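In what follows, a structure is listed as structure tokens, so that the remarks can point back to it.
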Amino acid sequence: MDSRHITAIIRFLWTPLILSFIVLTIVLIVWASGDSVVARTITDGLIRTVLVIGLYIFIGNSGVLAFGHIAFMLIGGYAVAWLTMSPFKKSFALDLPAILADNQFPLFPSAIAAGLLPAIVAFIVGIPIMRLSGIAASIATFAVLAIFYTIYSNWDSWTFGASTLVGIPLYVNMWVALGWTVFAIFTAYLYQQTKYGLALRSSREDEVAARAAGINIPVQRLIAFVLSAFFMGIAGVLQAHFLGSLIVNGFWLGITFLSLAMLIVGGQRSLTGAVVGVIVVSTIVELLRQVEAGIQFGNFEFSLPGGFQELGLAVLMIVILIYRPWGIMGGHEVPWPFGHGKRILAGGFALAPPLPKDERK
Amino acid sequence: MTASAPIVITENASSDKLEVFDVSVDFEGLRAIDDVTLSINNREVFGLIGPNGAGKTTLVNVLTGFQKPTTGRVLLGGRDVTGWTPHKLGRNGLSRTFQAVRLFRDLPVVENLEIAAIGTGLGRREASKRSIEILKWMDFEHKAFDQADTLPYGEERRVGIGRALAMAPRFVLLDEPAAGLSDAECDDLMSIISKIPSNFGCGVLLIEHNMRVIMGVCERIHVIDSGKTIAQGSPSEIQNNPDVIRAYLGSKTE
Amino acid sequence: MLQLIVQIAVDAISLGSLLALTALGIGLIFGIMRLINFAHGDFIMLGAYALIVPSAADAAMMFIGVWPAPILVISVIAILIVVALASERIAFRPLRTADPSILLITSFALSFFFQNLVLMVYSGRPKGVPLWPDLVKPIYLGPIRVPELHIITVCVTLALLVLLVLFLKKTTIGVQMRAASEDFRMAQLLGVRGNRVIAAAFAISGLLAAVVSLLFVSQTGTLSFKMGVPLVLFAFVATVVGGMGSLVGAVLGGFVVGVSSIVFQAILPMEMRMNDDAWVFALVLLILLVRPGGLVSVKALQERV
Amino acid sequence: MLEVENLHVHYGRTPAVRGVSLDVKEGEIVCVVGPNGAGKSTTLSTIAGTQAPTEGSIRLGDNSVVGRSPENIARMGISLVPEGRHVFTQLTVEENIRLGTAVRKDRDQIESDFEEMLQHFPFLSGRLKTPGGKLSGGEQQQLVIARALMTRPQIILLDEPSLGLAPIIVDTVYSILHALRDQGITLLVVEQSTHRALENADRIYVLRRGQIELHGKSADLTDTELERAYFGFDEQESTSQGTTS
């Protein structure tokens, strides 16, 4: 493998490399500063990133605005609680079957299992729903969320009903969240470069032309739906292990709105947009929160009334949408800054750079 | 055009035909296609013409599965494919272009072609390879990484044809490929179209209004008006057929 | 038994009425500009909060709420018409040509804005508001007891539906609205003022929201900054079930969702009754899978090849 | 009265109209003919304001039309009947007709105009309460003409009024257009059929690939001239000569 080939591979992986580098840099800075409060904020942001990437895998590639993905986060979060809470703590709130009630399973396999469960659910509900398009598809996914939300709210023996379930082991810190974020970035990117991802993106651009090109749209959507449900589940897992508690009410409209807002502000049509959206919206929220708490200008303290943070966020979102309807990134990935070079296709097929016009003949 | 074009797919049986038997299509009581029968041979360029509103696009939609015929059958290589979904027909060797081009606008040119190749069941590696061969054949590989919606119009149309060819079709349906092209671009287009049958081993159904293009590349021409067949024959027969002239230019009411 | 059946029927029709009115408010605007206005629920909420004095105190002090009924009704309607028109002018007009998904998210943001505005001014705690307490008492139809309020709700809904139909059929702007929702461009080509028609639609949606908010508050007697959310959710689902873009569909969908919600609550065995919303949404899912275009499907929304 | 000068229109980067100039004088029927994709419809919709020109001027009398919204252009007195008729299918026939009065200020004239319309199109009077969608194609075409007339326009732009109609109904439609012209109404008609144009128009423009190929009074033009311009056969001959020599 010569250096040109390595360059080509780096170029191919440029987007996930840069995005990972950005989040890593943020984490390292915070780690070096040793500020534990900020570290918690960042961990929270990383979990959000996994969440928004999960949304992006389906919404971004298919162009179908799905409202129901938080259902998969809910399923993943509770699944991991059933698996990893200590039998002693489970006995306080839950009334699970013996195999779950009496055992505490290892963390990592449990996390995987808790990601797979929503993926399986997505597969089952996706078979009929993925045939729908447009607004009907959006509502159908929302119906799925509403159904799971209602069931989980009332399923006392498994979820502690509408009350807060506590006692989930705390093991997610900044580094664990970072690991999953980087994994999500690479998986989402590689998926969108596979033939499946490409086929799905074609249906986003033009359903009619995609069908004529031999693409089975429901099948392609289903693949993305399942993969995205897995990451949504993982986001639920991370949140459960980060907060140590779960409440069904936390998986409803608030988080649905916030995560969609992040995706759309960043730009729903690119992975970079998804990540940028999380960073921008989280930063805005954080800044507004600090202004709300009060800032010192010399002797003069300036602060805003409580609730200003949310109002500011809503106004900023509307302004961004008015001026950049396709989000900050407008559908673009991180550009390759080093000009023309040998370029490698996702299929591994190398293509020579275009020759200058006069040399071609 | 490059002279040494790679032959991408040629293994199709030359016996196969794309046939339409007694097809009619009704839209809310209005008969858009009225009992049309036609048959396209493999490796020929077959023209379908008719004035605006004659039902050409409806017929193409029937052939490619976007429209179910009210009555009649469509046969592909002797197999009854009436009522198949578009993607299934695509996988079985029927590809098309669109009047409105309908490129995947946010994606690069090469991926536009790759998607069609993937649609026929290829993996990405083979799909890239086939796409690049076709782009080279069309003398277009220098724009492989340009995003589709940055291309000028004539080039968009060319990519549309490339995309249809990337499916290694047995038959390719070109829906008004010359609309809006300049004369020079039309000449390029004609030379591409006339080379398609021998290079790709497929039949071409060409729907076009530009008579120069139709007369220049078709071996046989089928004319419909108000959904009915009014003439078929060689270009010279059609050109001198009074019914055809009348259909286009309107009846002379003395 | 008869008492029970009538009770269920009255409840069902009453809830169906509120949802139908809310769905109409959403459907009217969707028909014309392809915007699903999630903030409509918050119009309803704002109308309810207009009844009390702005304050973060726990106990609500009535403000507009103690005015004589006619003035009260007119004031709330006027306030919500202004809110609806301002929303259109500030948030939606600049995005008129944007993708429907962007418009939808904008309405999310607007909804978020209104909710937090109220949260900031009035605090988040639910407040008791006794609006027209006399209406809660039942009236007797022979042996059958029915809350007066439910009767009023149904009558008001019917009256509004009739008025709306008359408005859409008999007035110039009403006919223009129907034309614009079928073919906006063609209507403009005939000189119909797009801005005026859209503004009229928003004004009517504000009026509908005001009526729903008064009926709803008199039924529940409480205010909460999230009170519009379940209404708008169910109404939104109703417009989709009824068929997006069809006003008849919106009303029909409102009743289907409202009635099925009450009926599920009544007929399900006790242990499944807690999950009645889940059953409603399962029904919605089923309807969509069988008829993706909704019960009354609208041609203009189907894409041509 | 209507003057279009050096009009260029692009769809995205696609040139659809390339330097078209035409004019219509008061009381004339002017036909624009040409094959599909020639830019005829684009020209009309640009005049009516649903498409923005990249270059050129459009004037109605002394007023420029460019940059105004379709509704304002309609209010200036230009009424477009687009291709495909666009009857409001859910509105009754009467509502369709009366929608055309949205632009008018002379409220008192409307009723007499309405009566007049019913005389022009007698079939309408029996079907005033019928939804527009229930009319046949020919009836719909007449309805949209009536609707356009109700705006009392200075000029009506008709995009392929004969498209999709049986020949006998086309004759009816054109006889109506003649009657209108005799009353002094100005018409700019896009038509595919050159013969129909020759029969009905005072002047004809042949459009091909976005440019005016030929222009003249219909009395001065011959079939052959028109056919050549329409199909571009001249060029075909010259190219074939070019290749043989």
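As written, the chain order gives the labels A, B, C and D, with residue 1 at the start of each chain.
Criterion: a contact is a pair of C-beta atoms (placed from the backbone, for glycine too) under 8 Å apart; a residue touches a chain by one contact, two chains touch by 3 or more.
Computed from a predicted model, the values in this text were never measured in an experiment.
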Comparison of C-D and A-C by number of C-beta pairs in contact, larger one: A-C
Maximum centroid distance from chain C, chain identifier (CA atoms): B
Computed distance of Cα centres, chain D from chain C, in Å: 43
CA centroid of chain A to CA centroid of chain C, Å: 33
Chain A and chain D, separation of their C-alpha mean positions in angstrom: 53
Averaged-CA centre spacing for the pair chain B and chain A, given as whole angstrom: 42
Contacts with 2+ other chains: residues of chain A: 208
Multi-chain contact residues (two or more partners), chain B: 66, 98
Chain D residues counted as touching two or more neighbouring chains: none
Parts of chain B lying in touch with chain A, wherever the complex brings them together: 64, 66, 85-87, 90-91, 95-96, 98, 102-107, 110-112, 114-116, 118-129, 132, 141-145, 163, 167
Chain A residues touching chain B - in the complex, by the definition given at the top: 193-195, 198-199, 201-202, 204-206, 208-217, 269, 331, 343, 345-349, 351, 354-355, 360
Residue ranges of chain C in contact with chain D within the complex: 172, 175-176, 178-179, 182-183, 185-194
Complex interface listing, chain D residues touching chain B: 12-16, 35-37, 137, 160, 163-164, 167, 171, 191-197, 199, 209-210, 223, 226-227, 230-233, 235-236, 239
Contact set on chain D toward chain C in their complex: 48, 50, 69-71, 74-75, 79-80, 82, 86, 88-91, 95, 98-100, 102-103, 147-148, 151
